[in-house]
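In the part that follows, the structures are each spelled out as structure tokens.
You will see two complexes here that share chain A, one where it goes with chain B and one where it goes with chain C.
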Partner chain A sequence: MNTQTVSPREQRQKDRFISKASQTAAKYLRRMEELSGAPESMVPFFRVLRDIYVDGKDVSREDGVKTVGTYCVMAPHELIYAAGAIPVKLCSGSYTAFSIGDDLAPRDACPLVKAVAGFQQIGVMPLYDNCALMVLPITCDCKKKLAGYLAERCEVCTLQIPVSKEDEDIEQYVRELYQFLGVLEETTGNRVTYDSLADAMKKTGYAQFELSRFLRLKKSLPYLLRGTHIMAMMNAASYMPADEWGRQLHLVNRELEQRISRNETVTRRQLPRILLTGSPIIFPNIKIPLLIEEMCGILAADETCMGERGMSDPVVPVDQSFDGLMRSLAIRATRPCSCPTFADNRQRIFRLKQMIRDYQIEGVIYHVLRGCLVYDFEYRQIEEALGELGIPVIRLESDYNEEDVEQLRIRIEAFIELIKLKKPPEVRRTERDYYG
Partner chain B sequence: MPERMTMSYESEIRDTLDRIGRENGHIRSFSYFTACAWQWFDPEQRKTVKPAVAVLGPGVPGELILAAGAAPYYILGGSLKSGAWSEDLVPRDTDPVSRSVLGFLQDPEGPDYSGTLFIVPVTSDSMRKTAYLLREQGRNVHIVDVPPQRSDFFAREKWQAQMIAMTEAVSRHTRTRVTAARVRSAIETADCAAKALREFLSASCGREDLITGGARLLVQNSYYYTGDLSRWTAELRRLNEELRSRRKRFVPGGGSRPGILLMGSPVYFPNYKIPFLIQDIGLNVLRNIDVTTLKDQIRPVLPGKRRSRDTLIRMAADRWYDQDGSPAYAANDALYRSVVRCLKQDRIEGVVYHVLKGQIEYDFELERLEALFDRYGIPVFRLETDYQYQDVEQLRIRMEAFSEMLHQNRYREERMAQ
Partner chain C sequence: MKQAKKIWLTAGVCAAMFALAWFAWRLPFFEFSEEYSAEQVGSFLSLKYLKNLLPLILILLLSSLGILICIGVRKRIIRKDPAFGRFFEARTGSGGKKVPGQRKLGFMTVRWAAMLGASFLMIFGGTALNLRFAEVSLPIFSCPVNTEQMTESSCYYLAHLNDLFELPLKDILLFFGTTIGFALLLGRVICGFLCPMGLLQDVVHGIRQKARVEGVAMTDKMYAALTPVKWMMVFLLLGLSFLGGNFCNFCPLVAVSPILAGIQTSLYFSGFFMIFALIGSFFKRRFFCLICPLGVLLGLLHRITPFRIKKDCTACTECGACYEACPMGIKQIYTEREKTDVTDMNCILCGECIRKCPEDNALAMTFAGKKIYTASRKQVMSGYHAEGRKQDRRRGGSV
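Right after this comes the complex of A and B.
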């Protein structure tokens, strides 16, 4: 915790910050909860988001257990668990922190980095202040410079993400992970052994297993669940231990199975099925998923690092030695990853095509956070590739504020209308659904 | 390419060269450097070029490419018009340097790149994605991954491995065996060039009356436009000789102009609107520090005869890594050190911090540098621009105000001294 004495003026600023940040988070949580079709078993996920963002609590953990903050999915959480600490994802979507960070970071820096800088500056979020270590995989210019910024303020460990995925690049990343391991051991005072790493992998493996079940269920019945609720679930994973998250997801899966058996969906209408890709959607910046679903679309899938991409690929150790486990972690973090940090990212196009087929997608929303150049660079290729499939794509550029909501609403509404126009007119077979 | 665009491209280069030529016509040994730049940019001459190895940006030690049998063909950008040629390929917020670099590669009437190996040092996101675009276009690309954290224990080792891999890639491409003798000779060539550059900067420092700021920059930039580094070094020595003799003969003029440090985003030929503006306003660029200018700081490695090829490559890689001032690093310590050295050596009265739109890394670095300048009591003027010329008058007004402030500071200091 920040123990420095603060002046009354600073205290007032902090109080205003807390009040504004929690109001915004509460508003978005309420809108998500009010959206029809959320499984009852989703409540714990909403609760976690409320605890962190509305009530300003830290992640729940036993006494003496340290938290390690990560800024990208490419930092393997297994290593952090194995060192006896708890990982938390610190990438944030807070509009209030963004407004503080706006004065600290360069004007054209991405809002995510500004929000992080804002939280670091204001020092009221226990989640950030209590981190024993922050891990920054260097995936873009902003993260690179953020590493320099944070290093002057807290303990930081950077991970150099290779530009390609050749064998030698993976080898380099393995070495990087070994270095990270050393830093973790030093920070936590615990030695990472074969057993502790294997246990940690089981822990995250269980969560991934439940996630794969969840994705299978989602694919099996269109309109089973709303994408905004899935976003909430995936965001909650940032602040829950993997096994606990897995257990809660297990309950969601059970409920979804029952829904499938009753052929129950969140809507009886054939709403346009949208895929969201591009810059990450991080709570409370959940305006785009909400707008999609409030404008009578269904967010059927997402290809973002805070969503399915971040967790869905399992670790597959081929060699059962300690080194083998480390290698499997490095491979999982890089090879299946379709992050635009990799110079050659044709893989992302394949993945999108696969998702379009699996989830019967009718339109793609390409989300670009202002200043997120790497995603913006790939838009052209993706637009071309999806154009060949006849899938309409729209590029939405947004920031961490609510000023652009109405503009976004108009564009999303028009996009959804466009998809509807392509479809044959809907024949109503059931009574009118006022909630769909 | 439409004829009109070619014409405006040409006029962009001619205008800059004409002005530099006009202002520095009295220097006999200067013509080589204008010819060097013209040769690189001239549409007619470009058609005949078939580079074996092209380097995007200045981010790798050229001596290693030289040792592997090719003269590096640097593509630095700098042209507004070439930026327009890549308009459809890059996002709106891409920086003008990357736009221009990519534009030069899209020019259908430009050099024949069919047999070219492209070396792409990943110093920024734009370069990372430019490599992707080039690969997508079926070009032969070798990516150099710059370790971003210098404090990382293995950073140097990683960089050395990257440099060995790059040298081997060029060697395979040129079918030239890289021997210790070749590396040694290339290092010596680069060292001679760096030494001549150091001498040039020291001979021309603060002497706008002898050689203008624009001409100084052109000489520095021309390092990247020459295909023959030994010839370039010889010509620079001749120029140094002439400048030294003029220094002796002429008393310094323009001494009343406040001396400034120009730093931040690199200024590449032909877009010299900032140095020209500074000159027009009546300020004197004592030093310019950017990713290209730290080359002169590179010290010789004394490549002894018994050293192996890989040892020599590692040595060349090491010294480059120590001095590289590109924004590819989490903390740009080389640039910082260089600025500290400059503040101690020269009488810097103000700093013009040049940021090209989209190059946010420089903006991130400004915070730390501002604190440094603040310690020395030196005012900083952050100037954001791109390659367009529409903002020149706005910049002029702001720069004039800054110049006025520097004059006032000087006047106050003199009064206090009295």
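Right after this comes the complex of A and C.
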């Protein structure tokens, strides 16, 4: 596609796309940076997002190292590192690409898929165009058809995700991962050995180690930092090598430790603590976290796959053989994953309950991207479970455009007011116990 | 042609099995002889001790041979497999690097120390330290043929219940009192912390981990298939003596502690069984424990023993690391969503699930309600601390 000569009209279209997309990204970056309380050591994360979305750069890497695009959390990045490539998460939140993808996919397809298809169609993002391979775990119908669409334009490898998590399903997924590893070897031309896999697991493991420290610090002091900034950090992880991301996070952790020792928080007020769950929040579609925090709430935690959930579950190798490591990756990709693609996903309710307890959550916002059926399906169950705990919850449906911002603003504002009304007017710093 | 090859292979394997069975039946490794007490051995490392050690060495050699054959067959299967074949070298070769593990010192150190100490006492306690508590019967699979061991082992009279009731009443009461007392107090902690057979199996498993040979990943169906075997073993242990048989003739444990203690022992089927138990536990951790009859009897009391595994069902993310780590394949430890007590009949309280659990407080071992070992993310990821400190140093140098 890129080798064809571009007509002036197409070139104009591309230029318009680039300017529009980078303007939107720059605007949301600015809004995030303007929010108070970002640690100074967070700057590199913002810089990565700016490089990718505003300046249209590719992931920084050495010459000759290929990038492999992944969608969903079930594709183990360890395998990609082991094959000598760098993984990038390609799930997209671009409004501009969405408007192009709108013509490519049916009306009810989810905006995430439309945005990815749009990027692939317009072909101006080096991030997408330079991918040597794209890995699509088949987690929903939209992703399945997206795989077909992408396969016409680039190398695609699909991963069949089991419907349940029985022992046989895990065995099957281990097999699936071996096949994926074979495709990776062919793409990169490198051989995967025990050492390269162990090195790769060390890289991602270090990132997860720093993340676990980060989460522990975050739990230890409420209002330590803002959820929108955490979102930005998590989104930046998509475009940074894991070890580099871990190193940057290490600096953030050090800064947070200092903050804790000085008892320094982003706000002195007792803002309502909100948990965000549901469909993924991907930069630059960061309007909901921004609205929450601009409307004087605190996004205390998130349970979304582009946020904390995607990385927080560690790989726990039990058997030290090559096959044992592969098994631990397959298990990590499926068993703790609370993605609604699995038929029985009650574990998500427990995860939410635990997060409510850990982060003293006062309200839950359930985000549904229009057309994201699997998440929408689970709303009822979760509303019921949270109702028993007495935690208010609202369902926010949004699309990849800015037309619904005002409507979202009103609803979020009302929700935050509702939580404030339930609180005692006296501002006190006490931990609330919802299980008492 | 391929068909013929298969038939020949099958025939060959059958013939080999028959030969082994014949060998096991015809050639008792050693026969009981008059001069079997340890006093006559004199000292360890004497010629006689080494001569008595011979059957154990033979068993170890044959087990190693069996393990090597299994690895060879496995390699062949992997090489032929369409999906795994291309990773043949990666899977069978072992590299120098390793995935950062966990802090070495901790609960597991205590467990290994306990296993080593208990095994030493059970095997050499009588001879080396002159510790003998013959009145105490410990429900542990440490062969009582070794008359020099520290305490009596309950398994002998459990396997010979008809002999038990010919003893004086005082001895019967002592036997039941101490056996049931220890079973109530410790439960299957005996399996996880004291049993010499457990130690042997863990050592064999450790060798596999060091060599990075892949094991057999058992699924719940395979575990379920072993349950009838386990109950059959219980029946044989308790009932064989009434039918005129002797459980000791094929109990694999006869091949460990008496031989190590320097006692000449009769090994009929035992040595043969021991070879299989060793090969099994090389590829599947604590394989023999899955079918151990004494373990079942101890497990029957699992509802009232003070050592328990507790679970915080909300903290659990169902990541399955505990199930993967569990040598006994207890699945409900990760699927359980209501009960806080997940102690199972099969649980040997080895603590591996807690060690591998990445969620803070999700699993814990308690003694009489008091937590003695708790899961934490910090502990699971402790192998990366060094990496973090390296970052600090690098930063410190440059700034």
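Following the convention adopted for this analysis, the second predicted complex is superposed on the first by the 424 of 436 C-alpha atoms of A that agree within 3 Å, B and C clash if a C-alpha of one lies under 4 Å from a C-alpha of the other, contacts with A are read in each partner's own complex, and residues count from 1 in each chain.
One rule holds for everything that comes next: a contact is a pair of C-beta atoms (placed from the backbone, for glycine too) under 8 Å apart; a residue touches a chain by one contact, two chains touch by 3 or more.
Note that this is a predicted model, so its numbers are computed, not measured.
S.K.: Could you say whether A:K202 touches chain B, chain C, both of them, or neither, answering first, second, both or neither?
M.R.: second
S.K.: Report for A:F322: first if it touches chain B alone, second if chain C alone, otherwise both or neither.
M.R.: second
S.K.: Of the partners chain B and chain C, which touch A:R175 in the superposed model: first, second, both, neither?
M.R.: A:R175: touches chain B and chain C.
S.K.: Which partner chains sit in contact with A:F350 here, chain B, chain C, both or neither? Use first/second/both/neither.
M.R.: In the superposition, A:F350 contacts chain C only.
S.K.: Could you tell me if A:T193 is touching chain B, chain C, both of them or neither one (first, second, both, neither)?
M.R.: second
S.K.: Look at the residues of chain A and decide whether chain B or chain C touches more of them.
M.R.: Residues of chain A touched, chain B against chain C: more for C.
S.K.: Between chain B (first) and chain C (second), which does A:P336 come into contact with in this model arrangement: first, second, both, or neither?
M.R.: Only chain C is touched by A:P336; chain B is not.
S.K.: Counting only touches as set out at the top, which of chain B and chain C does A:R247 meet: first, second, both, neither?
M.R.: In the superposition, A:R247 touches chain C alone.
S.K.: In the overlaid three-chain picture, which partner chain does A:S220 touch, first (chain B) or second (chain C), both, or neither?
M.R.: Neither partner.
S.K.: Please indicate which partner A:S19 is in contact with in the superposed arrangement: first for chain B, second for chain C, both, or neither.
M.R.: So A:S19 meets neither chain B nor chain C here.
S.K.: For chain A, which residues belong to both interfaces, chain B and chain C?
M.R.: On chain A, the overlap between the chain B and chain C contacts is residues 168, 175, 179, 346.
S.K.: Mind listing the chain A positions that touch chain B in their complex?
M.R.: It is residues 105-109, 138, 140-142, 144-145, 147-149, 151, 158, 160, 162-164, 168-169, 172, 175, 179, 340-341, 343-346, 371, 373-374, 376-381 of chain A that touch chain B.
S.K.: Would you mind writing out the residues of chain B in touch with chain A in their complex?
M.R.: Those in contact with chain A are residues 88-94, 120, 122, 124-126, 128-129, 131-133, 135-136, 143, 145, 147-149, 152-154, 158, 165, 327-331, 357-358, 360-361, 363-367.
S.K.: Under the stated contact criterion, what part of chain C meets chain A in this complex?
M.R.: Chain C residues touching chain A: 83-84, 86-87, 89-91, 93-101, 209, 212-215, 217, 219-221, 313-321, 324-325, 334, 337, 356, 358, 377-378, 380-381, 383-385, 387-388, 391-392, 395.
S.K.: Please give the residue numbers of chain A that touch chain C in the complex, ascending.
M.R.: By the definition above, chain A touches chain C via 165-168, 170-171, 175, 178-179, 181-182, 185, 191-195, 197-199, 201-202, 205-206, 208-210, 212-213, 216, 247, 250-251, 254, 313-314, 316-325, 327-328, 331-332, 335-336, 338, 346-347, 350-351, 353-354, 357.
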